[in-house]
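Going in written order, the chains are labelled A, B, C, D, E, F and G, and every chain counts its residues from 1.
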Amino acid sequence: MLIAVLSGFILAAFAPWLTRAFGDKAGWLLAILPASLFVYFASFIPAVSEQGAVVLEYSWIPGLDISLNMLVDGLSLLFALLISGIGTFIITYAGGYLRGHEYLPRFYGIMFSFMAAMLGLVLSNNLITLFVFWELTSITSFLLIGFNHEDKQARWCALQGLLVTVAGGLALLAGLVMIGITAGSFELSEVLAGGDVLRDNPLYTAIVLLVLAGCFTKSAQVPFHFWLPNAMAAPTPVSAFLHSATMVKAGVYLMARLNPGLGGTDLWLYLLGIVGALTMFTGSFMALRSTGIKAILAYTTIMALGTLTMLIGIGTEAAIIAAMTFLLAHALYKAALFMLAGAVDHETGTKNILKLGGLRGLMPITFLAACVAALSLAGLPPLFGFIAKELMFEATIGAPGIAFFVSLLALASAMMIAAMAAVFAIRPFTGELKETPKTPHEAPPSMLAGPVVLASLSLIFGLLGFIPAGAVVGSAVQAVYGSPLEVELYLWHGFNLPLLLSVLAIVGGVVLFLRWEQVLDTFSRMTFIDRFGPERGYEKSMDGLTWLAAWQTRTLQNGYLRTYLSVTVLTTVVLTLWAYFVRAGAPVHIGDLDFTFYELAVAGLVVVGAIVASVTSSRLGAVATLGMVGFGVALIYVLFSAPDLGITQIMVETLTVILLVLVLYRLPGFLKLSSPAARVRDAAIAGSLGVTMTLLILAVNGVTVVEPISDQLTAWSYPEAHGRNIVNVILVDFRALDTLGELFVVGLAGIGVYAMIRLRAEDKGQ
Amino acid sequence: MTSMGSLILRTTARFLLPLLLLFSVFILLRGHDEPGGGFIAGLIVSTAFALYLFAFDVARTRELMGADPRFLLGLGLLIATLSGIPPIFFGEPFFTGLWWPIDVPGFGEVKLSTPLIFDIGVYLVVFGAVMTIVLALAEAEE
Amino acid sequence: MEAIMALVVGALFGASVYMMLRRSIVKLVIGLILLSNAANLLIFTVSGLTRGAPPLIPEGMQMPDGAWADPLPQALILTAIVIGFGVLAFAVVLIHRAYEVVGEDDLDQMRSTDT
Amino acid sequence: MNTLVAFLMLLGAGFVFIGALGAIRMPDLMLRMHATTKAGALGGGLIAIAAGLHFGEAAVVVRTIAILFFVVLTAPVAAHAIARAAYFTGVKFWDRTLKDEMREKLDTKGNYLRSGLEQPDDDAGDDQRG
Amino acid sequence: MTLFVWNILLAIAWISLTGNFSGAGMLTGLIFGYFVLLVITRVSGQRPTYVRKVPQIIGFTLFYIWELTKSNVRVAYEVLTPTHTMKPGVIGIELEGDTDAAITILANLITMTPGTLSLDVSNDRRMLFIHAMYIDDEEQLRRELKDLERRVLELLN
Amino acid sequence: MNLVVALPVMIPLLAGSLSLVFFKSHAAQRWIGVLGTAALLIASLVLLAKTWNEGILVIEMGSWPAPFGIVLVSDLLGAIMTVLAGIMGFAVAVYSLPSISREHEAFGYYPLTHLLLAGVCGAFLTGDIFNLYVWVEVLLVASFALLILGGTRGQMEGAVKYVTLNLFSSIMLLVAVGLTYGMTGTLNMADLAVKLPEVENQGLVTVVAMLFLISFSIKAAAFPLFFWLPASYHTPPIAVSALFAGLLTKVGVYALYRFFTLLFAHDVGYTHEILLWGAGFTMITGVLGAAYHYEMRRILSFHIVSQIGYMIMGLALFTPLALVGGVFYIMHHIIVKANLFLVAGVAYFMRGSYELKEIGGLWRTRPWLGLLFLVPAMSLAGIPPLSGFFGKYIIIRAGVEAESWGIVAVALVVGLLTLFSMIKIWNEAFWKAQPEETAARAEQFEKALNQRAVTLMVLPIIGLAIITVFIGLAAQPIYEIADAAAAQLLDSSDYIEAVLGVQP
Amino acid sequence: MTPWVVSVVFLLLIIGLVLSFIRLARGPSLADRVVALELIALITVALILTHAIATDVSDFIDVALVLALTGFMAAIGFARFLERGGAGK
């Protein structure tokens, strides 16, 4: 199983090479993998039907509770079959659609990675592994959406899709981690078995909100739906795959997957039910406003995602059955429709439905398949879509608390979708042939195989509902509902409210279709939707981010060294003094005030010298004063028993002065550059550091050290280290490593100075 | 011509140079027992050559030094680092002092040792580094 | 005496930071030199001040006579002085080159790399 | 012996004090240098001798002699260097300065100083530096 | 020859520094001195000719210190009295000696004697310019300086 | 006695000295460059293996027993950091062969690199606080010199800020070391771990801890002390930037880890709370800076800052898992961040600019470079299954467990913004077509491209990318090492016993 | 050594130091400052020697020796600076 899941990644590495090697036939060849995977997954059907769920164990990072365990149950199997099944057709389709395209080889590479990621996502039994694959789908779909990357629009759309889904993904990660910690396990099979632990935990609300943030963004729920139509920038095979069975369904998958663990509460019901219903309605409405064939399909996808979310939220038996049925139905017709749309686009060169017409004669197979798939989309018998729609109405009617609201929105959506299905299936193909950029003719077999098969399946499943019911939908429902349910799918449920609603929907759809151009005209004048929609929100927040980033960076990183230094010094002062007063209780130990007048005088001269150096207006005067301060410091060392320090200080001071003199001779004199106010401010900052240091010394002055390590060093100095100058012995023996480092500092400074002076590259600045 | 044309300074520099050189060796060797050591000695010898540089010019100073100061710098670092290695052949950690006390006439007991070699490395590094800097600066000026 | 030295060290820190906050790169480097001195004196002070007793072992003895100043801080300071010297030699030349390249002694003219 | 040491110390300190006072009181650079160079060097030297006498050990004595030697050797050289440089850069003299024989013989452009004793055919540009 | 003197001098300096006045000390000093000279004299054309006689150096050092003391008294008087009686000026002194050592020693001595300060030697080494505190009696001053020069040259020859 | 503990310091010191002795021979320097760093890498791997097998290793330099002499100590954290330094050193040495100009070589590029590594390894391994100061200075001065190699105006201006602020940091470190000695009379870290708790006024210990915190936070470029980094890191040759990016700030982070687990764990509620706030702001300010910029090296530089926040967050939360996360994050980050700079360098060699607005079309012509960019870029952004994800995951999980919601939220949002700026680079440099205005220059650079040079530059990139993928896919062994390292950090007794030879 | 002698000597030297410092700070020309610095170096030599006598520790004399040897270097450096045309204002 693990190999099956990861095989996509492996093939991805070789796909570009294979594509180049096999040229036009590569699509067929490469499709063997998803096809075999389909067969492989199908082989699990009996076991799953029997046992409900199979967990296959593979370890990965046990220390972090991350495993590669695979959970094969009805839900994951349904998805796995869709992914591999539809994937098979997509791969062949892409071979035709992108024939000879410069990027076809890498396209296959990304596509297989994406497929593998999707499989991993739906099959993972581990929350974190699931997330790993979740993010991989985001990234790979980013690469797919931005496939035509030299087009600015495509890049923008890809980025948008990525940011929205990854933003949600990060929330999801937090939610999943919380689930894992709360439930005490990161294995789905265990988490879902103990749903009450989650629901009773105080973190439950947070978990739900975080997880749903991930699911809603991924599955394009209102108000995050805007990225999805933009993702149409991708080539059609990608759209078909992303929107029918995979990427966008990941959110739905996860909601369904976690339903046994998180569902069954009011929060879940209202959030999913209402957001889903609104999404459903928004999708339908926006579809009705659109003229691009891919845009229409994108909005109907949003509708479908909303529907699924709503159904999972409702969570009744009927709703779950409806959800899984709808899921399958949608995957079948939507993939077909996308591929057909691509075929039309590919052959005519336009996506605008208003510019298409009369293709029936030239593209008969396309037309036929489009009709079947569209009928399923519209929810007309005898297609599988009809069954799904019936079940949906049944579920909305039975929804606890929000039945009226969701039923109403469902009806409205159904009408609009029926209309759009008709628009899609009829307008491009009927009427008189219109002038298009390319001369249209029927698409090649590689591009028609998928739609034809999938459309046929819509028909077959509609007529023979027991096939899907028995094979996977039933198991999937069981997985989502949390316990086994009887699932039967037929076209005819008798005369009941759902049927009435269906009829209403179709009638309304027909009306809308007939007056579509008027409707379109009216709706497209409602531009406020574009101006105030959530996409504006995205744009505004991107602008805000840009502004904030610019403002913050220019403010903080403003280029003024003294700002940097002031901030650094003040941070030092505040943190140190705060701790000094609050934690240490402001200790001050003056100690004995024993000093001679000359010690005092030397100390005073050092201070006065430092102050004079810092205010003098003569550059070399400052250097000379510095020299004096240096001699003063040397005197202090000598006065307090440090002859070596005295000598070193004197030598270093002398050399420093020499260096300064050598260097400064080209530099101009000081100018009074700063204002008096600035000088006062700087004096305050500088003074605060001075006060801090004084206080620190006075505080530490009070600590008596019992036995410093230097006592032992002194004792060893002569007998063990053969030296009478203990300081020198420390330097060359006890702490030779310090001195070695010190040497390298001096040496490095030498090299650095040499390089700086001698290596004068062209000045590339300004 | 260089502007530093003081005959008095040149003469003094020539006179002081050997004295300072000798003094630096003295400071180096006795550092272990009295104030001094490689670092101070290195600075003194650098001062001596800096004086010479001030009195004459870069070319003459380089000529007098013989080796490129950067070589002395590297050599000093190498000596200092290598001085820490012999003890490992006696099963001791790096920088363990090895002592070969020799009664050198005129200096009493001269304690030839790895710390002394280390200190000689220090001396060379300081000398090399300071002269690298000073000469580079003086050259840049000229 | 430690208390007085505490004031000296504080004043040195203050003066050096004040210099570093000027716009002149020359003052900046002088400030750095003072700062280094200040830190060394701080170590010297907090380790305790001893008069007239350098940490040297007289001939014929195994230990210093009577009291002696703690040699370890002295060794540390010596190392720090040398390191400071190396670093400052670099800094001194750096400002020299920065001046040559930028043509100004004014730090405010050196902002092209930040934003 | 102690008295001698004390005397030398006091004398030395006195000279140093006078030198410093001169540095404050004298009206121009050259005159200040007359004070500091001599008084400082002698003062320092006397105290060095005092130290040598005080300790009385050979090792210390030679060191104090070395101090004396170096002080006395380097002080005039430093003074010369500063005075010469200051002169070349046109330092202001006290307004009661009587004459300056050097000014007209100095070619500041090439820092060339003539003696005024040259034969007309002497090559003025010939530099005899060693 | 001069090199050998130098070597001896360095050896003396060495034993002075080490305080080890033994034959062995002298030997070590000679060895180190030799190495120092080895380093120094690799540059040709600067064979030192400064010093010939060690005792003369010592004698002259005493003279030097004496001159130093005199000059200080003079300056001290000027500094300590409230009014300035100086008559300063710059004058040129013709030089007789022409070795580096002679000129340098003379110039330094002049700096250390009362009221005079060497400024510079002309490039042809024939004239020493000095700053003097009192040039009211210029001839007297020149005479004194000539006398000093004679002593220096005597010492050196 | 464990000689191997000192080898990661001694090898680069020797290599550096030798390079200086042979400063006239470029060939010798190059060979020493590659062989020396390779030796360092091997030695550090041996050290890690030995530390893993035998526990904390100690060498008493000069045979003087702790706490009197200086000891080098290799615990797992130290050994891990050393290995990372070895990897970086070797990768950059190879990368430098074609990318560093002859002139730079002539002026000490190789010895400077060795000595930088020596300083870094010394800082990682030393068990003595003053010795740490010394090594920090070594690496600092080496970095100064590397930073100005080339002498452009930008380098000079950046260096003035870099030098000033880092010197201030060093001075504060020195002051803190001095105060510590004044309070305890010892410098040995293990000894301090014993003696600091004996100081009567524990508040005073906190005060000194603050000074260490300031100093190391400047080195680590934490908020609000990071200014030096974005001002300078984008100015030197790219190989140098990569080395800096990978290693330098990590020394600060390492020191924070060492000090605030071993020495200053007495007032965690106070000190680590400050660290936590710092971590949060560091993440945010850094990532916003990156969002603002359009020059690759500047973007990457600000990301260094931002990522430091995660590492400090691991320390600040101060739970076992958080420390694991922090250690894991450090390991991941060093590899990834350096690699990004290296990739940017290759892009530069192909297009002649680091400005995103001036380059493009790389994905079209050089898809392999795109993949090599994506690996570290996505890892940096925390995209699974690359190394960065697991680091982030562990830290976030630790944050959730500690119920520090604020910092978790910040960490997540910053992850998103990191992705944003990585994608910005991707979109502009790789996806966008080469802009017309700069096409001529790009063509010129393409023409001048030397295939062998590109190969040499790409090899280390591939190597680092493989490590990134490996840390991700085979996270378990890395996790185990990080876990053991964190355990050593949390329980100092092993460290103290290994160094002082007595039970604390 | 008699304490009062030491005190007087210190006093004179310290006053000298202060006076030189005033000259150092006031200038006016760079040469004046350098002369003052020279003098300060000399006074420092004297102070160290006095301290050695006062504490009876001869080791401090080495410090004075080094200072006597190298103290004039700063002056030479400044002189060179002046001659090179650095107009230190």
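By our rule, contacts are C-beta pairs under 8 Å (C-beta built on N, C-alpha and C of every residue); 3 or more make two chains touch, one makes a residue touch a chain.
Keep in mind that what you see is a predicted model, and the values were worked out from it rather than measured.
If you take subunit A and subunit B together, the chains in touch with both are C, F, G.
Between the Cα centres of subunit D and subunit G there is a gap of 14 Å.
In terms of their C-alpha centroids, the spacing between subunit B and subunit F amounts to 36 Å.
The distance from the centre of subunit B to the centre of subunit G, with each centre set as the mean of the Cα atoms, comes to 26 Å.
For the pair subunit A and subunit G, the distance between mean C-alpha positions equals 69 Å.
Among the residues of subunit A, those in touch with two or more other chains are 553-554, 557, 559, 561, 565, 569, 619, 639, 643-644, 647-648, 651-652, 654-655, 658-659, 662-666, 693, 696, 700-701, 708-710, 713, 724-725, 731, 733-740, 742, 744-754, 756-758, 763, 765-766. Touching two or more other chains at once are residues 20, 28, 38, 40, 42, 46, 51-54, 56, 72-73, 76, 78-79, 82-83, 86-87, 89-90, 93-97, 101, 107, 110-114 of subunit C. Residues of subunit G in contact with at least two other chains: 13, 17-18, 34, 36, 59-60, 62-63, 66, 69-71, 73, 76-78, 80-81, 83-85. The full set of touching chain pairs reads A-B, A-C, A-F, A-G, B-C, B-D, B-E, B-F, B-G, C-F, C-G, D-E, D-G.
The residues of subunit F lying in touch with subunit B in their complex are 1, 3, 6, 10, 13-14, 16-23, 59-63, 111. Those residues of subunit B lying in contact with subunit A across their complex are 31-40, 43-44, 46-47, 50, 69-70, 73-74, 76-77, 80-81, 84, 95, 97, 99, 101, 111, 113, 115-116, 118-119, 121-122, 125-126, 128-130, 132-134, 136-141.
Partner subunit B is touched in their complex by these residues of subunit A: 643-644, 647-648, 651-652, 654-655, 658-659, 662-663, 665, 721-725, 728-729, 731-733, 736-737, 739-740, 743-744, 746-747, 749-751, 753-754, 757-758. Taken together, the subunit F residues at the contact with subunit C in this complex read 130, 133-134, 137, 140-141, 144-145, 148, 151-154, 156-161, 163-164, 167-168, 170-171, 174-175, 177-179, 181-182, 187, 230-232, 234-235. Interface residues of subunit F facing subunit A in the complex, by the touch rule stated above, are 13, 16, 20, 61-62, 64, 67-70, 72, 103-104, 106-108, 111-112, 115, 118-119, 122, 126, 130-131, 134-135, 137-138, 141-142, 144-145, 148-154, 157, 160-161, 164-165, 168, 172, 175, 179, 181-188, 191, 199-204, 206-211, 213-214, 218, 224-225, 227-228, 230-231, 267, 270, 274, 285, 288-289, 291-293, 302, 363-364, 367, 378, 383-385, 389-390, 393-394, 396-397, 400-401, 408-409, 412-413, 415-417, 419-420, 423, 427, 430-433, 475-476, 479-480, 483.
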